[in-house]
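Below: a set of structures, written as structure tokens.
Consider the two complexes below, in which chain A is the common component and chain B and chain C are the respective partners.
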Partner chain A sequence: MLTDRHRERLLGYALVAPVAIFLVALVAYPFLSAIYLSLTEKVVGYPARFVGFRNYESLFDSARFRIVARNSAIFTGASIVVKLLVGMAMALALHKVVRGNQFIRGILLLPWVIPTVVIALTWKWLLDLFRGLVNVTLIDVGAVTRGVHWLGDPTLAMVSVVMANVWRGFPFFGVSFLAALQTVPQELYDAADVDGAGGWQKFWRITLPSIKGVVAVVTLLSTIVTLNDFNIVFIMTRGGPGAATHIFATYSYELGIMSQRWGLAMAASMASLPLVALLIVGVVRYLHREEE
Partner chain B sequence: MLRQATLARCLVLALIMAIVFVPMYWIVVTSFKTGRQILLSQSVYVPRPFTIDNYVYLFEESRFALWIRNSAITATASTLLSLAIGTLGAYALTRLRFPGRRTFGGLVLITYLVPPGLMFIPLYQTFIRLGYTDSLGTLILAYPTFLVPFVTWLLMGFFRSIPRELEEAALVDGATRVQALVRVVLPLAAPGLLAAGLFCFTLSWNEFLYALIFIADDSLKTLPVGLSEFVVSDFAFWGQLMAAATLASLPVIVVYIYLHKYMVQGLTAGAVKG
Partner chain C sequence: MTTFMKRLAIVVALIGVAVVPALVPASAASKLSLWRLKTYIPPADKILDANAQECAKKVGVELAIQTYTFDDMWTKYTAAIESKTLPDIAELDAVGPARLANLGRLTDLSDVVAAVTKELGPILPNAEGAVKFGGKFYAVPHYAIPLVLFYRKDILAKVGAEPPDTWEDIQKVSEQVKKAGIQDFPNGFPWNRTGDGYDPAMSLLWSYGAAWVDKSGKFVGIPKAQGLEALKMATRAYLVDKTSAFDYLSWSGSTNNESFMAGKITFTPNGPSILYQEESTQHPLQKDTAIKLMPKGPAGRNLALTFVMNWAVPVDSKSTKEAKAVVSCLMSREPFMKYMTGSFRQAVPFFATPLNDPYWNTPTGKIIVETVKQGHPVGWPGPTTPAAAEVVSSNVLTDMITRVIVDKASPETALDEANKRMKEIYDRVPVK
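Let's turn to the complex of A and B:
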């Protein structure tokens, strides 16, 4: 005879089993086999051969990979910093607005809702050399005489993909910060007013410390996703010109899908893993702390 | 002083609204231009005369309808699959006591945070080994890898907000756990289930990377992949492309209008990533 407690346990395991089976088969297994494959060399027609860390060695030795790692750092760093700034500006500007707050917030979140592919294509078109809105407008107002090579110049191409990424991502920052701002007790500001604190002081001493948990989680989440972004770069520049905007995911695509060099591709996919793992640990710790 | 601060706030807000608005305006406005207007940069800001030819072209001369069909099938099936699996898991993780429950909850959160940009090559290899690529079924199985952890995590929050007493009352009345789940908890969680389902639909509808890699057959391409292939070596039919972009965005915008209130809650709970 089963006791109620045993029954509860059995039912518990039965109900989480589908989730577990699914995630083991299509997340854990692919992941572990990728780590194994990154230690092998596979040539079509021959069985995979174990080569130890040779794939990682040749990856880290290649100039192209170093460019890719540097680009990923620049792309992620620049995107996150600008998203933080614009998101914070959006939250602070919207915080005390009473009328139309919901509506404005709704409009501002749209970039985060529409398909990333649409966003990337739109930015490619906005920045089109001859007919894009940006160049046409710049010429119309007399800021430049000839169209700017947004996607053709190595530096400007990086600026362009960062712009598109920021446009898509900052509303998430802004809306999260806004929600956090609304939990900061008004009394703190009243007390600061009595003490004669200025706007900046209030921001640094009260606002920021009060919402730093949300700021940290949002920044970590966005760093994980941005570091492994594919869509925006792939569609806008394919990593070009040259390798000027090539980042981790577009590089794995090049090695795996285009060149079929699976061992190297796996190694490239796993190259950012230590960093991603650290960031994930950060998020999980913050979320657990908030739960308690 | 106060006036100045308000003015600054309005300016910042107006600027941000403009930054968000202009690219969206550019999408819609381009979609109503003729090929000639686009080519010669005529009536750049407002198309005069305007045309709906781009939209007609999509349905009459491109595979647009097929892409919509593929996207709709994939998104619907992967959403239903994820909801079914995730709901059971979330219920067990919040309501039933069994050893390993907290660890498992933590692992689900971790899988949720693993980005597709890191997973696509490993997952593709797995599907190759299973001999199951190039089918809508591949995507229907692939999307739940990020949807299931998401649904589970989101619904755990909803289940926690349903008072335990209601369920216990049903148990006292002689219902089994499963009956209590089906008759009491699920109806109460219906708004949460709907929200989770719509989120899943949106995420699947917008998904690009897996669809690009796993599907080679032209007749099985989804909408985002179809859109991306409008651009052929730096040359694009921008009018048609922006018409397609407008139509591709409409369903998710409609969903979003409904979801808006949940979205803000979900965002703050860290349940949605950007």
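Let's turn to the complex of A and C:
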């Protein structure tokens, strides 16, 4: 006969089981498979052959991979910093707006709900050398005499894909920060006013410390998503000119799909894993410390 | 009684398991899948689909057609290769037959090719390298979308230039156009990551005598002197004369069409789809648009045929006989001619009879046909191999060019790097 305690425990396992099975099937299995594949010489259509860390060695020896890693770091770092700043500005501004707040919020959320493919194609057209709205406008207002090579100059091409990524991603930051701002007690600001604190001081001493947990989590999530971004770069530049905007995702696609080298492609996409893992551990520890 | 009932149930189940599969093939064989390329010419696609359904009806099967674009073709096929779910009939690109035949995943179609030859005449010898391996045909060449040189007649007239015949000519005329202030960047040769980049890159290298394999398909490396000359030509427009904009290096597959039709470039390599677009939209530039064979170099005119489509029957098919019959039917005279003549000169055959059809007897038609007659398969002067396929698909050739243009690597360094990458590919993917 089962005791009540045992029954309760079994019921607990039974209730957790569907979620656990779901997680194992859809998250753990593909993830572990990817790690295993990255340790094999796996060419599409052929069986995988275990080669240990040889794929990683060959990647780190490759000048091309180093370019890709550098591009990924620039793309992700620049995108996150700008999204953070723009998102914060959006949240602070909306926090102050009383009339039409909902409407403005809805408008600002638009980039986030539009499919990424549409966003990438739109930016590609906007920045086209000959027919793009940006160049046509710049020439019309006399700011430049000839079209700017937004997608042709290696530096500007990186700036362009970062711009498109920022445009798509800043509403996520803004809305999250806005929600966090609304939980900060008004009394703190009132007390600061009495003490004669200025706006900047209030931001640094009250606002930011109060929402830093949300800032950390949002930044972490967006870093992971940005690091794995594919559509924007693939559609706007295909990693070009040359390899100037080639990032982990487009490089993995080139290796895995076009060259049919799954093992190496998996290793390329796993290369950023230690960094992401460190970020996750850092943020989680920080949040725990804050809670305590 | 209970035991008897259990035994009875087991016997019935076993009989069911044994009998049902025997009944299934009749219905399973009646449903075939066909994957084809979605081209830039929708009316031609419609004709092909109608032909395929008509052929399926004749063979007595049902046909489910799925499409892919050049961009997502290998995503679709890669998943299918791994999961062993390739379609019954597959339209494969120029390197598809070599890749899949090397994996042992294609059915021998030599009998189908023999039947098609009776209908459509002899096959062009230059088509064989991409579909015939070990003396057997593993695919039937369907058609080629040849890349030709598009140029603006009116602009050439303005600068008093003849239509260019060599790579050098294109450069010279581009400089004249720029100097005359007509266009800033008239030379629209994009060394990008699409067929519009690597197809001309092959033509350029080969016409400078810079092939990377011998006639057997064995890797020998791009010869230094010829390779450097070709690189000089490819990079000059970007770095020295500035007749090409760096933006062209980031173009997608259709951006050169759009730029040409927007009147922003004088030259670009492209399939005949620009002709279709201009004709169907009554475009103002239609009267000023002309085509020519892609340029020649010091080693002759050695054109690449990258946009080639071939019918294949993967071994995954459980209805090989029916699938072959559908392919035979699609390549029989009536449906094939209907498709070819409705393709706005995009679908150029590899068989003698339709190639000599009066349909091609127009100024543009003759050039398009000549391109296919003179064209070479990927991996020339050898046959198409999985290693050659990987050289192209991993952008080794265009990367070599952009290393000089974008990264400012020396041509010698870029050439050495490319040869090193190709050697690694050929060592890893040996020619069978």
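To be clear about the criterion, the second predicted complex is superposed on the first by the 244 of 292 C-alpha atoms of A that agree within 3 Å, B and C clash if a C-alpha of one lies under 4 Å from a C-alpha of the other, contacts with A are read in each partner's own complex, and residues count from 1 in each chain.
Everything below uses one rule, namely that a residue touches a chain if its C-beta (ideal position, glycine included) is under 8 Å from a C-beta of that chain, and two chains touch if they have at least 3 such contacts.
Since we're looking at a predicted model, the values are computed, not measured.
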Report for A:R146: first if it touches chain B alone, second if chain C alone, otherwise both or neither. second
Once the shared chain is lined up, is A:V215 touching chain B (first), chain C (second), both, or neither of them? neither
Could you say whether A:S176 touches chain B, chain C, both of them, or neither, answering first, second, both or neither? first
Scan A:L110 for contacts with chain B and chain C and give back first, second, both or neither. first
Touch test for A:T237: chain B only (first), chain C only (second), both, or neither? second
Tell me which touches more residues of chain A here: chain C or chain B. B
Kindly classify A:A157 by the partners it touches after superposition: chain B alone (first), chain C alone (second), both, or neither? second
For A:A197, is the partner it touches chain B (first), chain C (second), both, or none of the two (neither)? neither
In the superposed arrangement, does A:I257 touch chain B (first), chain C (second), both or neither? both
Between chain B and chain C, whom does A:R131 touch in the aligned arrangement: first, second, both, or neither? both
Set of chain A residues, in rising order, touched by both chain B and chain C: 124, 128, 130-131, 235, 256-257
Chain A to chain C touching residues, read off their complex: 43-46, 63-64, 124, 128-131, 146, 149-154, 157, 235-245, 254-260
In their shared complex, at which residues does chain B touch chain A? 5, 9-10, 12-13, 16-17, 19-24, 26-27, 30, 38-39, 41, 44, 84-86, 88-89, 91-93, 96-99, 101, 104, 106-111, 113-126, 141-142, 144-145, 148-149, 152, 177-178, 202, 205-206, 208-209, 213, 223-225, 227-228, 230-231, 236, 238, 241-242, 245, 248-249, 252-253, 256-257, 260, 263-264, 267-268, 270, 272-274
Residues of chain A that touch chain B when the two form their complex: 5, 7-9, 11-13, 15-16, 18-20, 22-23, 26-31, 33-34, 37, 86, 89-90, 92-94, 96-97, 102, 104-119, 121-126, 128, 130-131, 133, 136, 167, 169, 171-176, 179-180, 199, 214, 217-218, 221-222, 224-225, 227-231, 235, 248-249, 252-253, 256-257, 262, 265-266, 269-270, 272-273, 276, 280, 283-284, 287-288, 290
Going by the contact rule at the top, pick out the chain C residues touching chain A in the complex. 74-75, 78, 81-82, 99-100, 103, 105, 184-185, 192-194, 245-250, 252, 258-259, 262, 264, 390, 393-395, 399, 402-403, 405-407, 417, 429
